[in-house]
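Below you'll find the structure I mean.
By written order: A, B, C and D. Residues from 1 in each chain.
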Amino acid sequence: VTTVHIWGASGYAAAEAMRWIAGHPALELGVLESRSHAGQRVGDHFPLLRTVERTFAPSGSVLAEVAPGDLVIAAGGHGEAIATVPALLTAGARVVDLSADYRFSDDAVYGLTEWNRTAIAGASLVANPGCYPTATLLAALPLRAFAPPLQWIVDAKSGITGAGRNPSVGALYAEVSGDIRAYGLTGHRHQPEMQRQLAFEGLDAPLTFTPHVVPLARGMLSDVYAVYAQPLDASAVHAAFGRAYAGNPFVRILEPGQAPSVAAVVGTNDAELLVDVQGAVVRVLCAIDNLGKGAAGQAVANINVMLGLAEETGFHARAVVA
Amino acid sequence: VTTVHIWGASGYAAAEAMRWIAGHPALELGVLESRSHAGQRVGDHFPLLRTVERTFAPSGSVLAEVAPGDLVIAAGGHGEAIATVPALLTAGARVVDLSADYRFSDDAVYGLTEWNRTAIAGASLVANPGCYPTATLLAALPLRAFAPPLQWIVDAKSGITGAGRNPSVGALYAEVSGDIRAYGLTGHRHQPEMQRQLAFEGLDAPLTFTPHVVPLARGMLSDVYAVYAQPLDASAVHAAFGRAYAGNPFVRILEPGQAPSVAAVVGTNDAELLVDVQGAVVRVLCAIDNLGKGAAGQAVANINVMLGLAEETGFHARAVVA
Amino acid sequence: VTTVHIWGASGYAAAEAMRWIAGHPALELGVLESRSHAGQRVGDHFPLLRTVERTFAPSGSVLAEVAPGDLVIAAGGHGEAIATVPALLTAGARVVDLSADYRFSDDAVYGLTEWNRTAIAGASLVANPGCYPTATLLAALPLRAFAPPLQWIVDAKSGITGAGRNPSVGALYAEVSGDIRAYGLTGHRHQPEMQRQLAFEGLDAPLTFTPHVVPLARGMLSDVYAVYAQPLDASAVHAAFGRAYAGNPFVRILEPGQAPSVAAVVGTNDAELLVDVQGAVVRVLCAIDNLGKGAAGQAVANINVMLGLAEETGFHARAVVA
Amino acid sequence: VTTVHIWGASGYAAAEAMRWIAGHPALELGVLESRSHAGQRVGDHFPLLRTVERTFAPSGSVLAEVAPGDLVIAAGGHGEAIATVPALLTAGARVVDLSADYRFSDDAVYGLTEWNRTAIAGASLVANPGCYPTATLLAALPLRAFAPPLQWIVDAKSGITGAGRNPSVGALYAEVSGDIRAYGLTGHRHQPEMQRQLAFEGLDAPLTFTPHVVPLARGMLSDVYAVYAQPLDASAVHAAFGRAYAGNPFVRILEPGQAPSVAAVVGTNDAELLVDVQGAVVRVLCAIDNLGKGAAGQAVANINVMLGLAEETGFHARAVVA
């Protein structure tokens, strides 16, 4: 059993990681460090974790307790990981960082499990992808079987936990409920992350990105439109997606006529994709849980890969049905 | 004071029309006909209309009571209006039909207020646009100042009242809550309606349409992407929108950096637009209330136009803030 | 036309007051003072008020601008009004304070409209009741026709806007959505307010109060159980309620079998009551909008009374239906 | 591994039972019979069960396939079980019926796990309690250590899945969202069920029951008020609850100051209780998942008891955190 510590443990993604790890047969929860919540019970902040019966530890606790071979999920804010992760690595830990700090760095492996499995297996430091890039790249990367499109259009809808648990007016119930709103129309942090990864795979093209907040605690749908100069062959497109994800336990390609749905993936590490070709447009919809495949689920799956375990170990539980 | 009868009065759009008419200084509610709800009190079905203190009338009541010069809002199901409206016209009524029955017919004026005001003013029969076409066309039509794009992409999000009040599993609280789902990915009724109107305005191009249900009772956001071969001049685009809607009381063009929001328009007849140019893509977001500007609000505004009243008569009330 | 200034104008109740005043035929909006939001546009914070086109004014603005005979709605936090209201009164304004600061003070009239109309009409300072006390007292006070019960049990459910607009973790969408939680089980501020008013009306008895947060932006239902030693005569109870509220425009007593519903009152200043007698228990359910009758609506109705206007002036608009 | 068939498998409780059984180490899913959904895929109706990859079987399938020693969860509508269960028993199955059909029958054991464990262990037919009775009785029964109160008041709040999956107007998203409404104020089916069980335990007293629908898919909070003639000793009350539930894996008694919360139990078989004494009133709040402890969870726990397994077998997975 490998110990997994969580640094920056008071947010939603950290709590979701605790849930997965608490029920994982080969992992156990180590230190749960939170500067702001030190000494408080986890279950007083996350009611569904009352049965975990753990307390947040003060700053520095993970570094003090970590042993070589331990895993650390770094779940602190953007800009904070970069000051902490090097010491954890020096102490012999392997780290999965949920922040943006290492996503553009050559020192880390980009942790999009399905597309980087071999590198993840040997990595000391994995930069876990952002939630929007996860959903979008899963939808887009199989198209590397073809020349790049003229234009990417990404219209994405996210639950509000993507904004984190530090309270802000925009994340209040009374603001999110009853509304859909676009935001970050220029300069969202995830746009260069997506463009960089698309370019790595030979899919460089202008990308218009429109993120939205919808009245959901969790869940994300990314509708990706690849606009080509000429129609692609539909069967070739479908074949490319089939090849890309054959044998991948967490990616499910829907049949034509099935409706992609966030409800199908919330509480899981699954992604579900619908692919269709409409003339010169390839439309791919990808639903994930922003806290699951978009954050903590992918982190735990990456830990499975790093430890040589089957990728789906610990993920058999299904969350709520309705 | 002109009498407005409602035929097919038991649905959400009909109830919304009652709300506007009950508070309108120049209109009064006539017969509220509902085959399924005859004899029942309106307030038992629509709690917020308890103070209206009206009862649904049986089949045939509107035709029996209508007088020349009366208005009728036809709010029955698709396919039913065509059997009823001719008799109402013969009886001397003017009709605004909310169904799809006359949207492709030369016998009716297409009731997109801002783009068809003169024809509406003189019409006996107005085919009120669908909710998705309303939001989409308001976003797209100002681009007729330019050559048509290579491709339209319309990614739209709607509250569930768009599905009507006849109960179906897909509209249950437990199915809509906690989910976003795409639907109607091929063959949604509103797609040909949008394409026909775009073609009329010289904007014919392939259109990929992706409607979604989001966890909202009401409200709609249509994100319209016009993909061109070459970048358009941004200031020319903004100028075209400014010209198109100058003096229109219900269309509000946001400044750059403002966030289009369904909460800004729910309970009103307003549309709010954000326009930006991203290289060869013109992105226009349009938020409306699917029951307001997308149905009953536009119907009442059209009645104002038909009666020679100021378009915004009766619309000064603001709905709820949070 | 009387000017109404709002001091502490950045919260939900203040915004709701703006909505009512902006559409009121005998009132006009004066200064909208907010220390935290000074210089910012109202519509950027409350999208539905974009059409009001106003900007928040800095600290001290109301006092600088107020003229004798003006009205001020004090919508600042609890504990802040007491430092500001005296100067406003000295300047000749009449004040309706939404905070708790004057609810226990002999210097103010308690602003439960239906039960204190005469005193409100002549008041310089009205202490507007809390939302829970409003719903609970409307349900309880007609029982002063009888001896006090052995025990009051008040089980109340509120939308989250009751917690205000200053962001807190407990008011986040992701915390409120999907949950019902009891809170304040001992020592809620509104309990002594209710007990004091009940005692004034000869209805003193122990009161167990259980407030809950439910997943609603706005709306409140207070279920009041008066437990007696012996059964009361049901027809006498119904008659007492009928007498208590005859001629009151904002209180509606439902018929047996009707379902009290928050949806019937959201966006209005209405209260709807269901009364029944179950042996020795009188059960009275009262639904209000916590921001309407429970705050801003009652404030505007009190201003109507203070100005000698019909109590319902400016309240004819109906809010959204679904 | 024991086979568990589900008869009447198209509802929410049935789906929830599938989820638990699919992940249970000692149970496997047998026939999933549904007259209305025969031949359709489970995952097309319950997206989160797409990975279960099963199809609904036609009427009569469970009876045709059942073997002696198999378990059957009867999840059909009220009034239908009584026509089907006898044949299943004759075929050698043991049955847990989720309907009301056997809750008043001497032929069945009442399946409130914590209070009837021994009888359940040996039963052929278990009548699973209703959701409201489960939450209410867990809150009330420890008070049998004292004389019965003068009066019970039960104010309960439920998610809408309690109304089932057959579509009705009252269960539509647009009706439930934004509302709290009381219903069934006289004559709710669960009232006599609660009173019968209270009487069995020597706790007979008049009971006023007020159920409410709140905007939740799932979850239930029952606030139980026992009104006595004289104050009870608080420490004796707390001791009685401690004794009643010592060693019970699914019942959690909160400390004073903790907030009972539906979010703490949704997706689990847990119940969480807060107990306090306020003069002559004992107030007990009980939160459960209406589909979990209130239906399918309790059914699976009862099956564990019937099979001699540890009661919590298969329940270690935690559902979603936020």
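Throughout what follows, contacts are C-beta pairs under 8 Å (C-beta built on N, C-alpha and C of every residue); 3 or more make two chains touch, one makes a residue touch a chain.
Remember, predicted model here, so these are calculated numbers, not experimental data.
Enquirer: List every chain that touches both chain A and chain B.
Expert: C, D
Enquirer: If contact pairs are compared by residue number, which of A-D, B-C or C-D agrees with A-B in over half of them?
Expert: That interface is repeated by C-D.
Enquirer: Measuring from the mean C-alpha position of chain C to the mean C-alpha position of chain D, what distance in angstrom results?
Expert: Averaging C-alpha atoms per chain gives centres 38 Å apart.
Enquirer: Could you put a whole-Å number on the gap between the CA centroids of chain A and chain C?
Expert: Roughly 44 Å, centre to centre.
Enquirer: Hey, what residues on chain B touch two or more of the other chains?
Expert: 12, 47, 161, 174-175, 178-179, 215-218, 261, 263, 266, 322
Enquirer: Contact residues on chain C for chain B in the complex?
Expert: Checking each residue of chain C against chain B gives 12, 15-16, 18-19, 22-23, 43-44, 46-52, 161, 178, 217-218, 252, 258, 261, 263-268, 270, 272, 291, 316-322.
Enquirer: What part of chain A is in contact with chain C in the complex they form?
Expert: Per the touch definition, chain A meets chain C at residues 12, 45, 47, 159-161, 165, 167-169, 171-179, 215-218.
Enquirer: In the complex, go through chain A and note every residue touching chain B.
Expert: It is residues 150-151, 153, 155, 157, 174-175, 178-183, 185-186, 206, 208, 210, 212, 214-217, 219, 221, 223, 225, 227, 259-263, 266, 274, 276, 278-281, 283, 285, 287, 322 of chain A that touch chain B.
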